[in-house]
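Chain naming follows the written order as A, B, C and D, and within any one chain the residues start at number 1.
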Amino acid sequence: LFHFRPAPAELSTSRIEAFSDGVFAIAITLLVLEIKIPHPADGQTASFDLAHALMRQWPNYFAYVLSFVTIGIYWANHHYIFKLYRKTSHCFILLNIVFLMAISFLPFPTAVLGDFIADLDHARAAVVFYSSGLLLPAVTWFLMWIYAVRTRIVDERLEPAFVRRLTWQYMLSVIFYLTAVALAFFHAISSLVLCVGLTLLYLLPPPAPEYRPAE
Amino acid sequence: LFHFRPAPAELSTSRIEAFSDGVFAIAITLLVLEIKIPHPADGQTASFDLAHALMRQWPNYFAYVLSFVTIGIYWANHHYIFKLYRKTSHCFILLNIVFLMAISFLPFPTAVLGDFIADLDHARAAVVFYSSGLLLPAVTWFLMWIYAVRTRIVDERLEPAFVRRLTWQYMLSVIFYLTAVALAFFHAISSLVLCVGLTLLYLLPPPAPEYRPAE
Amino acid sequence: LFHFRPAPAELSTSRIEAFSDGVFAIAITLLVLEIKIPHPADGQTASFDLAHALMRQWPNYFAYVLSFVTIGIYWANHHYIFKLYRKTSHCFILLNIVFLMAISFLPFPTAVLGDFIADLDHARAAVVFYSSGLLLPAVTWFLMWIYAVRTRIVDERLEPAFVRRLTWQYMLSVIFYLTAVALAFFHAISSLVLCVGLTLLYLLPPPAPEYRPAE
Amino acid sequence: LFHFRPAPAELSTSRIEAFSDGVFAIAITLLVLEIKIPHPADGQTASFDLAHALMRQWPNYFAYVLSFVTIGIYWANHHYIFKLYRKTSHCFILLNIVFLMAISFLPFPTAVLGDFIADLDHARAAVVFYSSGLLLPAVTWFLMWIYAVRTRIVDERLEPAFVRRLTWQYMLSVIFYLTAVALAFFHAISSLVLCVGLTLLYLLPPPAPEYRPAE
């Protein structure tokens, strides 16, 4: 009797991780392209000072660092969370694509933030836009987790209390970014401080997975 | 007797998948670069409103989401179909490069669509161009499949009825995109609705592979 | 006795292949970024015709296709040739970096070709530059091969006649591209036809490796 | 008794290497995007000479080659050093992200150098900025190494003398780049010569790892 295992219909978690890794690596590296090389405007060649022009771009450097670290943390957490998944499903793969869409979009609000944060007239709109840009991956991340818990994609050997803790943590993250967006309408700098604070908070190591004792 | 297996002349399917993954991940992430940061035109600094400028870019966001999801689905389907392939050939690798060329080109028609869809004078030309951009990967995908079936690259243990079903599905896809291109000459919005509908249709999971019973 | 194998100092061929794959995939996908979205010039909004503007960009599409296929063939050949290598060395890795530098540079001469080939005054300079851009990877590829043969990086079980055949083939390739550069100074179109012909020639499958009979 | 090994909380070194490889490959390939296609300025179409315009861009080619080789060497050294690591930690992963941030930033100072090095008024500022751009990865690399040695991430079977040698080498590298930055304030060309010299120095193969004899 000739025996073989037919190829499973779904992508393995490692395939999804590899593709996601690629998107993370590209999105994080594209951030630098949004910092424009300063050049003298027409008829101002004489008064142009490169050193000052480069220094006046500090908002772009700040936005670059903030978004780079944020995407970097998402990358590390993406690997962390995929260790808790035991399988995939078609719908789960689509949710991951939507999540990656939110990550890939970040270079755009980052550039808007960098170009307008030091501009009193437009700082508010820029921070509303940037914090919304950070809200999107937080929301899609949370949806992916909820979906994974509901459809038993999450490893069933994990302690229920541990799973609940992560659910709370990811929901809180959404709430904080929502707060940052709302705050930006009233006070741009406070909202930005909140965004920076959240990124710093995520620098803390995620909790070690807790498994139920084997019976 | 010293024994060794000489390296085969052809690339393995996994090498092609890895390279294709890279191209998918980059093309999908480059889409965001085509959304330009709004800046006040010369002499309009006073009347420039960043919030409105960002909102007026909705066609770019729409084009970004549509192309991102479309490329994401092609990525998932590329892995799906490569599970049905048992080997590769030189010509097959070249066809895959032509397919990737069509995928990599998408950021350009996406940008054209985003910049001109809300412009009454140019929407028609923009949608003709964009739907043609979507036609190209559909056609090269279909050619790859036909070639793979003819040259027995497709796993021979698959049910012939299953293989025929995929052939029909991929041919229909080409016909629908051809229709979208033709429709765009008369009514841009209808054509775009068809493109969106096709993308939504492809969100459905592909059929599970059906294998002939082992004898 | 505690026993372990110390990590070897050199990168494995598979590491180099993976990194090279990344560079190939990115360079090939960046080509599209050099095609600029057409926009009406200042004060010409009324007379701007998007359809014609997109059609007038055919030189960019031509340059895109030519460079995409050329880089794609280099990618396939890079894997082909790495199957003939049995080890690496520090100098060999550096040569590979120089080769990748020549590949990564291609989007620039491709853009120059696309922007100026239809411009009678500048077509000659554009083709000289583009064919030089194609000469660079051919030269570095040839140097890598010569170095690999000399330092026994090439699998010693290969037939010497087979190795000599590849040496001749890669040298001829350099000579043809040199001819294309020289020709471009006198007749741009002939030079471009030669470049296209060479790319078509490389579409042919590389010869299957021939090994010496095991003794 | 059902037995399983819970997933470790930390990323493996190979995951970090793969992600870092992606960032290296992208940063190195993006360098070419900063070389702008020359076009005639308004009203100068008649006097525009493409050949001369391309030749006048030699500073951009020089900056491209210097940064490409520098990033390429960092890539090779990153793999070299990861062979000396036996584990990872959360903090170590964050340090690696900061290191990658410095690498990903390089296309920007490279473009500034290329655009301004031949400009007498701005060469000094451009070289200060570029050498600072090279200082950043050297500093973060050194910090990563120090951290890895202190927290025993570095393989404990390595000879202490060998580890000390690397520590000295990486510290010297920081000192040399600091010197290059300081020098740039007084004499731009000397600073640039030092940067080129350091890159050439790193072309030398790194020392083979020395292990303690097994007891």
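Throughout what follows, a residue touches a chain if its C-beta (ideal position, glycine included) is under 8 Å from a C-beta of that chain, and two chains touch if they have at least 3 such contacts.
The shown structure was predicted, so the numbers you read here are calculated from the model rather than taken from an experiment.
Taken over every residue number at the interface, the positions common to chain A and chain B amount to under half, indicating a different-residue contact. Chain centres were defined as the mean of their Cα atoms; on that basis the chain farthest from chain B turns out to be D. Taking each chain's centre as the mean of its C-alpha atoms, chain B lies 35 Å from chain D.
If you average the Cα atoms of chain A and of chain D, the two centres end up 25 Å apart.
Residues of chain C in contact with at least two other chains: 18, 22, 26, 30, 33. Chain D makes touch with chain A in their complex at residues 1-4, 6-9, 11, 15, 18-19, 22-23, 26-27, 30, 33-34, 90, 93-94, 97-98, 100-101, 104-105, 107-108, 111-112, 115-116, 121-122, 125-126, 128-129. Across the interface of their complex, chain A is touched by residues 18, 21-22, 24-26, 28-33, 35, 37, 39, 48-51, 54, 64-65, 68-69, 72-73, 75-76, 79-80, 83-84, 157, 203, 205-206, 208-209, 211, 214-215 of chain B.
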